[in-house]
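In the two assemblies presented below, chain A is common to both, partnered first by chain B and then by chain C.
Entry: the complex of A and B
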């Protein structure tokens, strides 16, 4: 008898597990109904193009094979090899500069918007005359479309533009007016506008985060003799850590994939922003479309995606505890 | 007494620093408007005075007929408006499903929503471009240079992140509300429609503005998927003011001002909802 039940148990468990699962599906019919449109859209415009992009990275796609791209010649990993080792590959041209610039740009912009956003949030969290006007005014740059940011700052950085007027004629920081859209200065010409447009959003998020921290713990800390800096370092920052973690991830993604500001600042995508202004996205788009090499372009974007996955992996390890305790 | 004075001095300093930063921050926007009221010759010579004796309001009239800007404006409004409606609806439905039900596959779905954000746009760009060509060749249905092609792409792109915002908003509404509604005889759909939707209006508005602003900003896909000015959006059209030999900075700055103003107006009318909606998700995770 005992032997009998032992033999039947796993079978029964599996059957009941399946029954439970089936029941859960049936009970959640309403949830599935709500998801249907989204699932259809995501299959059509996310999953399908992704599989297609993956497949394209193994094809020789150029202006001749584009028309019947499903029958384009299969070249295996040639596109990847070409990108990594063949210096004649058109998509590869200038990619070293683009990778370097993107790394510098993404790191400085991400740190810049987070630090400035937090600093401004703390300044605006105080009580002072005109606080609500200041808060509203601070949000203005974030509403300016990013292509306008590119156009506007590209105009302001010009040699006889307003920025050089301030730097040279008013503040006398330089002996003569420097070029900002040419040479190594270019990287600053793209970093500063991106920070300018990006930090108001972080300010709003941090301001909301600061307001969830109860006032009395600061009072208790002051009575215990903790200075302002200690309070910031040991109380404010740890309390904001979950917010910082999420915003950090979105900033990294946004800045590595940044396109609009650079492309509109330098001749609307058609022009080459120079070896200190070209970013990965502008370089890949210009080169792939310029030389009709969609296979190499796809291979490059897949490698970029894997690099991003690794960065996200590091991010997840660093903030695992904060993300799981939420 | 002395500590009090010291505190008020430091407080005065901090307030001054704050206002200085605020002024520096909004300066580029003021400069854009100020520049748009000059003639192109004045701009090319470099503007270094802050007085404006003769504002060139005519720039705001000329910009509309120099490159037929009204068409681009209409296209942007149409495409962004339709995208906001569609993506917003999908986000509300799916966000609610993810916030309230633990259905088989919900974990997988949440993960795939987040991972869509990791894919570079350019990776979709070639396949979608080719897919649109293929649809045209196979079914005779034009996709490139159509409103619905653009709306389809934008809707698909902005739905995932909007679902995420809506989901965190629905999570913040107590579950008891639907439970008591179902006890009173409502179906699940009625509870959602009659109780939860009105309560989540601020979140819906916030998500809608977010979608609209993001779509208004999109450049890369608009540039590749449209070649005819009948459907091209503002970011594509605005570059026509930049000529090879002669850039009309006066009109460029006027057009930049004109495209910034509507989003600013929409934003500041709904700012209250927007900030509470965005921060509800961002702060609570």
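Entry: the complex of A and C
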């Protein structure tokens, strides 16, 4: 928390640690008092629901047992076993598609927004007339509420919508107008709008990162004969690595937990987006609240949480050095 | 270190006491609704209401769905006379979108935190009742005239099948019927007196109007939404019923919609799209877009509910479509009879008392008002929905369109009133959505076999749900 550093404190035995703590609390009474409401709040809104969710994943929870949900029949790890091994389990059948789609979606969207964001940030980092206007204009997609994005693109993707008009009537890329909201194309119908909406945020972040890189090292590199590409590869990218690291994590979490776009584009959360449109969050919502398999739903959420923790672990190992030197 | 651990655990315990306190409360109200501790709940509410029930100021929270163009204003307008007579009562209306209402209501039923007055779709009542989310009103329904006063098909859904307890009072009814363009049918030389008689005449009528040129544009015969809609199940079942099929067996223990007759119904209905009588682009649209398309003259026939007639009579400035050509050239006809007879989907909504409500008496008084003649008539007029009261449904002053719908309610059917209907409908929604993918040609080839396969997997899932 950076309240104060441990450097001046000598390493002592365990017994004196208590004294150190006491002194620390005494010295910073006000700071700790300020923290108390936050800690209480965090416990209430984060820890308790998490414990409850964890407990629910061991219960047989359906509409009949839901009324007294903390006292529902205990079934141990049945919900987990059902999800992992029982091929008749409807929750599991739905999840196979959702996991595949979420993996494709999260990877493409994350790469897409980062690459787009970085490219646009590099473009806008140069000095040219109208630069500030361009920066504001670029932010437009990001300002559009996600609900509107879903509804708007839902119209544009329709078979006789504007996208097919461009693809077929103007560019002649297809012989027939394809469906985008039915069948396998659905995955693109959710990926592309998400990238469209997401990259301006990355652009802002990268722009801020780029501006911390001093101009003179580029001048030095140019004098030494390094080309633009080499400068980018050997200077810009490494200097941006901490920013990239944080944004990568942020994007992965954001995209794996994506819900709005599918929900608004396909029947406002009531419809089934199909085998290529369902994401983990929409599937889990449907399984929990549509099928009332609240126990299985919790189990799936807990498993997703652990998968996410593993991803974060891998991420942390990959970027440990960059994050610690900053 | 130890000390901090102790204090943290003490803190946690304090919270768990607070939380289990809340949990305890909601449990006891739930128990009361399940018939257990009746005294307890009346003891807590009695002092507030018994002294002077009409004087204590109460604010009632009402959750309604968008049943009309201006849902909250229309609702308040309907109860305005009641509010004037009861100055101590004020009503706060929250409008839930149909698409997300299900999630919100089940969440409310779970937590006990919700409204006082709750509108429920007729198919949801048995489910929410079995969750303990709404109160029994069995001993009160005599106040509103009881079962005889309401349309039987909708009254059936106020109870759980096989149980005599009543959980809601029918508020309004909707039925599905055919809207067709009178001018287009005339132009194509189709006799509307016989066109909607049975499946064969209906299909040949559609073939005749398909591709007619209206105002320089080719019109599609039929507009129907595919899968991205909450209506998917309601759109398909009338055809299964008309073919002689049913959702479940008589005793609600076996699944029957995937048997031959049910499959006939699905094949006939989806066949209309597969055979080119539907502009395939409409398969990606939802019901309201399809209705808009009909208004815009893109299709000659659609199947919809009474609200569309109301929409055509509403000025454009108020969000209606009265300026469209279709608004002046449409008529309503019943769904054609199939081999198993005539059928349509009758839905509607009921008014229920939320079990977490603290103002149950006042809520019931409001329900009594809303389901009596005056308010039924007023709400039918502003919403375009049908009244649920038989005396009003059979009244001679209904206009021609409403008469057609009132006629439709006579052969209207509803789903089995089982507590598991919620999950069942979710499963059906999913598999019927896949059927539309097949029809659109993006998931295998459209054939009796491929559709049968999808219906079979739907049946397997539904069977697991109803036998759980």
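Quick note on the criterion: the second predicted complex is superposed on the first by the 310 of 326 C-alpha atoms of A that agree within 3 Å, B and C clash if a C-alpha of one lies under 4 Å from a C-alpha of the other, contacts with A are read in each partner's own complex, and residues count from 1 in each chain.
Assume contacts are C-beta pairs under 8 Å (C-beta built on N, C-alpha and C of every residue); 3 or more make two chains touch, one makes a residue touch a chain.
Everything numeric in this text was worked out from a predicted model, so none of it was measured.
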Superposed partners chain B and chain C on chain A - clash or fit: clash
Partner chain(s) touched by A:162 [first = chain B, second = chain C, both, neither]: first
Which partner, chain B or chain C, touches more chain A residues: B
Which superposed partner A:74 touches (first chain B, second chain C, both, neither): neither
Which superposed partner A:290 touches (first chain B, second chain C, both, neither): second
Which superposed partner A:233 touches (first chain B, second chain C, both, neither): neither
Touched partner set for A:124, first chain B, second chain C, both or neither: first
First (chain B), second (chain C), both or neither touched by A:174: neither
Touched partner set for A:301, first chain B, second chain C, both or neither: first
Contacts of A:66 with chain B and chain C, given as first, second, both or neither: both
Chain B versus chain C as contact partner of A:316, first or second or both or neither: neither
Among 134-142, 152-160 or 170-178 on chain B, the segment whose C-alpha atoms clash with chain C after superposition: 134-142
Shared chain A surface residues [contacts with chain B and with chain C]: 21, 44, 48, 66, 69-70, 160, 267-269, 285, 289
Residue numbers on chain C that touch chain A, as the complex places them: 1, 3-4, 11-12, 15-16, 19-20, 23, 27, 30, 34, 97-100, 102-103, 106-107, 109-110, 127, 130-132, 226-230, 232, 279-281, 283-286, 419-420, 422-423, 426-427, 429-430, 433-434, 436-437, 440, 442-443, 461, 464-465, 468
Chain A to chain C touching residues, read off their complex: 17-18, 21, 40, 43-44, 48, 62-64, 66-70, 88, 90, 94, 157-160, 177, 179-185, 265-275, 285-286, 289-292
In the complex with chain A, residue positions of chain B that touch it: 11, 14-15, 17-19, 21-22, 25-26, 28-29, 31-32, 35, 45-48, 89-91, 93-94, 96-97, 100-104, 106, 109, 112, 116-128, 130-131, 133-134, 152-153, 155-157, 159-160, 163, 188-189, 213, 216-217, 219-220, 223-224, 234-235, 238-239, 242, 249, 252-253, 256, 259-260, 263-264, 267-268, 271, 275, 278-279, 282-285
Interfacial residue positions of chain A with respect to chain B in the complex: 21, 24-25, 28, 30-32, 34-35, 37-39, 41-42, 44-46, 48-50, 52-53, 56, 61, 66, 69-70, 120, 123-124, 126, 128-130, 134, 136-141, 143-148, 151-153, 155-156, 160-162, 165, 169, 196, 200, 204-205, 208-209, 212, 242-243, 246-247, 250, 253, 257, 259-260, 263-264, 267-269, 281, 284-285, 288-289, 294, 297-298, 301-302, 304-305, 308-309, 312, 323, 326
